[in-house]
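Chains: A, B, C, D, E and F, in written order; residue numbering restarts at 1 for each.
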Amino acid sequence: MASKPISRYPVPDLKDLPPDMRERILAVQEKSGFVPNVFLALAHRPAEWRAFFAYHDALLEKEGGLTKAEREMIVVATSGANQCQYCVVAHGAILRIRAKNPLVADQVAINYHEADLTPRQKAMLDFALKVARESERVDEVDFAALKGHGFTDDDIWDIAAITSLFALSNRMANFTAMRPNDEFYLMGRVPR
Amino acid sequence: MASKPISRYPVPDLKDLPPDMRERILAVQEKSGFVPNVFLALAHRPAEWRAFFAYHDALLEKEGGLTKAEREMIVVATSGANQCQYCVVAHGAILRIRAKNPLVADQVAINYHEADLTPRQKAMLDFALKVARESERVDEVDFAALKGHGFTDDDIWDIAAITSLFALSNRMANFTAMRPNDEFYLMGRVPR
Amino acid sequence: MASKPISRYPVPDLKDLPPDMRERILAVQEKSGFVPNVFLALAHRPAEWRAFFAYHDALLEKEGGLTKAEREMIVVATSGANQCQYCVVAHGAILRIRAKNPLVADQVAINYHEADLTPRQKAMLDFALKVARESERVDEVDFAALKGHGFTDDDIWDIAAITSLFALSNRMANFTAMRPNDEFYLMGRVPR
Amino acid sequence: MASKPISRYPVPDLKDLPPDMRERILAVQEKSGFVPNVFLALAHRPAEWRAFFAYHDALLEKEGGLTKAEREMIVVATSGANQCQYCVVAHGAILRIRAKNPLVADQVAINYHEADLTPRQKAMLDFALKVARESERVDEVDFAALKGHGFTDDDIWDIAAITSLFALSNRMANFTAMRPNDEFYLMGRVPR
Amino acid sequence: MASKPISRYPVPDLKDLPPDMRERILAVQEKSGFVPNVFLALAHRPAEWRAFFAYHDALLEKEGGLTKAEREMIVVATSGANQCQYCVVAHGAILRIRAKNPLVADQVAINYHEADLTPRQKAMLDFALKVARESERVDEVDFAALKGHGFTDDDIWDIAAITSLFALSNRMANFTAMRPNDEFYLMGRVPR
Amino acid sequence: MASKPISRYPVPDLKDLPPDMRERILAVQEKSGFVPNVFLALAHRPAEWRAFFAYHDALLEKEGGLTKAEREMIVVATSGANQCQYCVVAHGAILRIRAKNPLVADQVAINYHEADLTPRQKAMLDFALKVARESERVDEVDFAALKGHGFTDDDIWDIAAITSLFALSNRMANFTAMRPNDEFYLMGRVPR
């Protein structure tokens, strides 16, 4: 399966990339043991690549009120709704690892209402799905419901902003037919 | 109407922003005569602000196969589908100016099938709407149709990437209840 | 742009129309300064034309509990949902004039939830949209909600009947590819 | 069941109606043996009543390229899609009588694709349903398909206009909870 | 009309069927006066036929908290939503007979919200439609609502299971273009 | 996680079940190493249980033109569309094993258009999804497309019937909140 294309578009060689991009990619490879295909497929457009990962890091790597596992739940649930194969498989792996739970990613991808989540986490995903599918109807009632679960205004921004970033990401991955690395499918499913 | 809030979230004062952000905003103000509210509303989160405008410039300001008016058509048509008041009003104004056509923005926002566009432009918007609404179904038939209208692979990437960026932008604007500046409504409707 | 067809169907000359129709059209022209295309495009079928304008006048010209601006809000919001270019552009102009507000028509057409309206007006449009999209689900709860905002039974009939008439009108305009007059786009946007 | 209300709104007594309305209603009663409830329920608003029946007669009673049974097929198919109980039951009865076929109305109301119709009639209903549900997408391809089945431009107008009138009628009947007369359910099902 | 095919697939002769199937079919014919086409159309696959009717009898023929008329209401309402001609026509007939009501089947098929039902029966159909259309969202709130109307847990299972069986049945009937027997259309409409 | 309930309904003890059911369940346990929860959750209703598994075996265990892996693809793709957690997880495991492919189940569940399938298999799933979502529109064009890929009439019945059975099964699993066994998540992902 190694020979399957990872994008409809040409994928640059690591050696041909600008140094900042190559450096980041090598760091990821060092940490993960492989280069997630999103780093290569989007590298077809360096300026967009830099903006995308800057956005990604601003939301998923920073400190904040949502745990890193919760942020990945948002990614997996909304990417499932958008039928994005790359994002569900790749972020499903990250969710399993961050939540230290081998089951939760598949549950959230298929139907978060039946997943092993807290009521607070389900309320978080209710809101994420509303932003993903009918953001024009977000209103003060939604904010009140989330605050009733203890979310702050900044947590709510995080939920909406992560959902919005993956609204972009899901469409780019679907449009390019971005292929998840085989490695992701098993990550976090078996004790290390 | 001047006192209506422009976002559900606090909006920083220009003087409190980091210099790079303030500088960019002052340049826009210089050019446009006012500061579009998106620059202020998103400034609540500087790191995300920087990523957003880097992405925006990479797609909307660069040279490329699509005219600048065509790029705005993509923004207006998909933002209409997402019922994003800020993006339809603000980018509608920009479209009127870039297309030098006072009618086309309202037409595209309501129903691009009946707008004063070329068949090539309608094919471009057919694809943009597909990426906006059901990107999981994009396939080789779509690429062939676009190439039949003379679009290159890189033009097609531009159509999809602009659509994807505004999938993000529409959701952020809707979620924050971002208010379009009053100035946009009339821009490009009367000869200067 | 003057030469663009205003309908897929033949449009009769004013001089060939029956006297009652010609008289009405000349009166409109006298008042507005131009003949709105709906008067000409529908004149292809005189009997239907007479019934349509009789219905129109019975709902939009009479006295009643809804202001004339509110009635136009109903037209613009439901015509936006039905993506009717003629009705959004033409009645958007009338709404701007009747509400003496240059912004409200675009706001209502794109997303009335974020428009500069009163809660009572938003409740009116919630109901109009329900009649437009899923009238089979209208029930006593809807009536109670409207009465809580001070609407009478006859006001509620007006909301539903205006919505219903434009369910007809939007489909006729879309089917005939009825073109809005250029004049409408700017009406009510600049102080006279 | 005689005591069930036929509308959410007050229904005027025949004797209190203006002479022209009373005369028409008595004529219908004479011909049908009963007064269809739509004549009474809509009489709450005389001016709208007159416009409605003028529109109705202009489309359903005139001579034309579509048979009267075909016009009723359009009413029944689109009213089924709009879940309008009054229109499906009442016009289903008329369709059975005009088509001299006791089965076709139920078939068309549930799923016209499987009804005992000609390919030409199914094409007619394909177009009617498109006008009912997504009129903003009607285009030249639709016209060409209908002409391939022998429909003229004026036949096509009739299909669209009947669909549009019942877009109005279905919403009014649903909104007022208009009750079909018991007599309709059995009409045309048994040989006279 | 007798010669219209009752299925896209070959229909076995009664004499060629295994004895258990033939016996059941003859018993139905004895009782009803004709053989409902579902018994013949599904007989193309004997093992599936046996499972289908075993399932059917387990839900529709047993004793239980729902009346037999109520079970048929579930069938008719959900089959209407799935546009299944065979099931609406055939079970509409059975509903008329079991409810001893010549009107209720057409009402339920078109729009149960406006049918002559009790609030308890409407709550039952609200739940059935939710299971038919978005079963992934069934939750404890639904159970509480039904219990508020006096339904037991086992009644609720019956509602969901009948809905589920006809989710299967509607798809099989639609896929095979199964034709309702002419006899069904009139059954239960006239006093015997 | 062992203590999570596997159904909203009481689950019978194996020892309390009728002998035929217990025997079947023990045989499955013997073969799989555990008892899939569907056998226990549905045992709340023995008569329905027997009908369900008879139907299941008639379609999934028999010989036929579709491979056993292909039948599981149908189950996984349609269960994904219906957001059925039990069926996607359990049949995803079976698909991985039958296809000897650790990746294909997740791909098919999320978006079969981008899965590692043959064009013939994608045509099979196009049809299955049409039966799952809009069976009322199945027509001769669908049959012709499938035959162009070499499917026989009996293969097509199999595709539709498996889809229909899981239309039932998905709704029962969703309604009962049926929980997939933890064992399924990892099955078929690692070489034995």
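Just so we're on the same page, a contact is a pair of C-beta atoms (placed from the backbone, for glycine too) under 8 Å apart; a residue touches a chain by one contact, two chains touch by 3 or more.
The model shown is predicted, which means the values in this text are computed figures rather than measured ones.
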item	value
Chain labels contacting subunit B and also subunit C	A, D
Interface composition of copies subunit C and subunit D: same or different, split at half	same
Distance-maximising chain from subunit E - centres being C-alpha averages	B
Which listed pair, E-F, A-E or D-E, duplicates the contacts of B-C in over half of its pairs	D-E
Centre-to-centre distance between subunit E and subunit C (centres being mean Cα positions), rounded to whole Å	44
Centre distance in Å when subunit A and subunit F are each reduced to the mean of their C-alpha atoms	28
Intercentroid distance (Cα basis), subunit B paired with subunit A, Å	24
Subunit E, residues touching no fewer than two other chains	83-84, 111, 114, 136, 174, 177
Interchain contacts, given as pairs of chains that touch	A-B, A-C, A-E, A-F, B-C, B-D, B-F, C-D, C-E, D-E, D-F, E-F
Residues on subunit E engaged by subunit C in the complex (per definition of touch)	111, 113-114
For the subunit C and subunit D complex, residues of the former touching the latter	8-9, 44-45, 47-48, 50-52, 54-55, 57-59, 62, 82-84, 131-132, 135-136, 138, 143, 153, 157, 160-161, 163-165, 167-172, 174-177
Contact set on subunit D toward subunit E in their complex	1, 4, 80, 83-85, 88-89, 102-103, 106-107, 109-111, 114-116, 174, 177, 179, 182, 185-186, 189-190
Complex contact set, residues of subunit E against subunit A	136-137, 139
